[in-house]
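Following: one structure in structure tokens, then a few remarks.
Order as written gives the chain letters A, B and C; numbering starts at 1 within each chain.
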Amino acid sequence: MIETPLNAKIKGEDFTDLPKDLYIPPDALEVYLEAFEGPLDLLLYLIRKHNLDILDIPMADLTRQYMVYVEKMRAIKLELAGDYLLMSAMLIEIKSRMLLPKPAEIAEEDDPRAELVRRLMEYEAIKLIAQRLDEMPKVGDGISVASAYFQHISQVQPPEVNLEDLAEAWRNVLKRACHFQHHKVGRAELSVREHMSIILRRLKADSLLEFTQLFDVVNDGIPKLVVCFLAILELAREGLLRITQQQAFSPIYVQIAIDLNQKS
Amino acid sequence: MSKTNNIAELKNVLEVALLTSHEPLSLDDFLRLFVERTERATLRMLLDELKQDWALRTLELVQVASGYRFQAREKYANYLARLNPERQSKYSRAVMETLAIIAYRQPVTRGDIEEIRGVAVNSNVMRQLQERDWVDVVGQREVPGRPLLYATTQHFLDDLNMKSLAELPPMDDFVKSENLPAHFPS
Amino acid sequence: MSKTNNIAELKNVLEVALLTSHEPLSLDDFLRLFVERTERATLRMLLDELKQDWALRTLELVQVASGYRFQAREKYANYLARLNPERQSKYSRAVMETLAIIAYRQPVTRGDIEEIRGVAVNSNVMRQLQERDWVDVVGQREVPGRPLLYATTQHFLDDLNMKSLAELPPMDDFVKSENLPAHFPS
């Protein structure tokens, strides 16, 4: 517990002139004031320290003691003082209302201190229960939970992807690619590119194919045959295929330009 | 292959799941363990047996808010504390008081907490409680500004070894309400 | 108070420490458990006994590089896997964009993808797509370095429920709506 200057003081004394030996260095005072969680905490401290009856608070004493602290806070730690100043105003108001003469019959129900007392008691209850919660054993601090090791078998479900996701990704790519114009491709060309992949795949399996084997003249319609032809031309242009013919009218052979299997 | 052919093996599966899980396991979790249909009543019976099997051993099977877990018996806490000297750091009074208000007065807004504590709630305090998964937002109060309403989580109950909020230490232990003047709201 | 008065209790402390520890425990860790001096030979003997005690049970005590730990017997691995399904995550933006580029511009090299995306292609991205069997290598471009050419697979079409790449959302629409993000082909 932090030793406080109040220990050395007597209730009801004038606090405005601190004796020299009770001087607290500003840094230490800051630490001390930080020990309070707010004006209610400070008030409770003063009440408990001076054995005041919480149900019959001597407002004059309490207000005076409280003000000493607030003055010191104002001097040192302004940003802390806001809530405390509000409380000062409330204390002074209660004190002055108690000085007013009042009819005896309503005095009982209309004690100006009632709201303050209610708040102090509620806060004290919370403060005590908070301490109790703090002391309770918790997982990681007093409670140790079984956690033996086990071999994780990952049964990872791969993420779902649908066409919209893919289209969205492509749209993002296009939005960013400033040189998009050079790559402008239409739907038809997509088919060409698909066939480029298909042809490369077939040539990966059979490194040499006869040109005509690449066309399914029976099943494919004219557009598909054209696309297939365009794909072969595009592959050749990109240097991915080697097209050879020994002599005119002899079979044309298509092979992959670089044989993956022969890669060193 | 992983069909569970008898009751003893079923209980073994429950035991090994509980011994290796970091989090409490619910009945739903246990049901997921088995391919075949298993009755909740059977599970409860087996869990009871398991509790008995371990009655004289180093761990105890306890039930907390989100399910069952094995934990070290209290008498071993001192030993285990020596093993892990770098304990979870204690929370500040502000954090603990805020937690207490949320636990006992939930659901509450920041304003409610400020009213009770008499000081502004530091957002760092709320962040600490939310990161620990002890507190979360459960709604908004239908007043101007629609402030967020905070409540404690199941994880909070788990961590404090409780099944429900009813097991929180009673506040009345501290404030004798009969001491309050009659007109004070309790 | 926490003096360990007999061998059986000593063994219990070892057991509870092992059962609740997230990490394997070394002999040095075990020594820290006890206030009184304990011989390493004694610890080794107790660990051997503990291993025997658990010989027919759900966990086994094993020694790994950094110490001892209890672990679930292999036969329970399938059950535990069901309990802890790894969360199905989404592919990163990098993976999705790379896939989109390969789908629309195939066959492409890493260099092509990097040129279009403006950033280097992480090899992890390609690995994910290849492991999913959505993308594979269909050739090499005959340029210096002979970079691999990637294309989408039949499996990719199957998974996205397409008969051919022609069913991809048409690009012409993107070209037109490039500056109108709100309009998006359905």
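As a convention for this text, a contact is a pair of C-beta atoms (placed from the backbone, for glycine too) under 8 Å apart; a residue touches a chain by one contact, two chains touch by 3 or more.
Just so it is clear, the model here is predicted, and its values are computed rather than measured.
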Pair with more cross-chain C-beta pairs in contact, given A-C and A-B: A-C
Most remote chain, CA-based centroid, reference being chain C: B
Rounded Å distance, chain B centre to chain C centre (Cα mean): 30
Averaged-CA centre spacing for the pair chain B and chain A, given as whole angstrom: 22
Touching two or more other chains - residue numbers and ranges from chain B: 16, 19-22, 59, 70-72, 76, 80
Touching two or more other chains - residues of chain A: 144-150
Chain C partner contacts - residues on chain A that touch it in the complex: 144-177, 180, 183-187, 190-191, 193-194, 196-197, 200-201, 203-204, 238-240, 256-258, 260, 263
List of chain C residues in touch with chain B within their complex: 1-2, 12-13, 15-17, 19-22, 25, 29, 32-35, 58-59, 70-73, 76, 78-80, 82-83
Complex contacts: residues of chain C adjacent to chain A: 16, 18-22, 24, 59, 69-72, 74, 76-78, 80-82, 84-86, 88-91, 93, 96-97, 99-101, 103-107, 116-118, 132, 137-143, 146, 149, 151-152, 159-162, 164-172, 174-175, 178, 181, 184-185
Contacting residues of chain A [partner chain B, same complex]: 37-41, 55, 82-83, 87, 109, 111, 114, 117-119, 121-134, 136-150
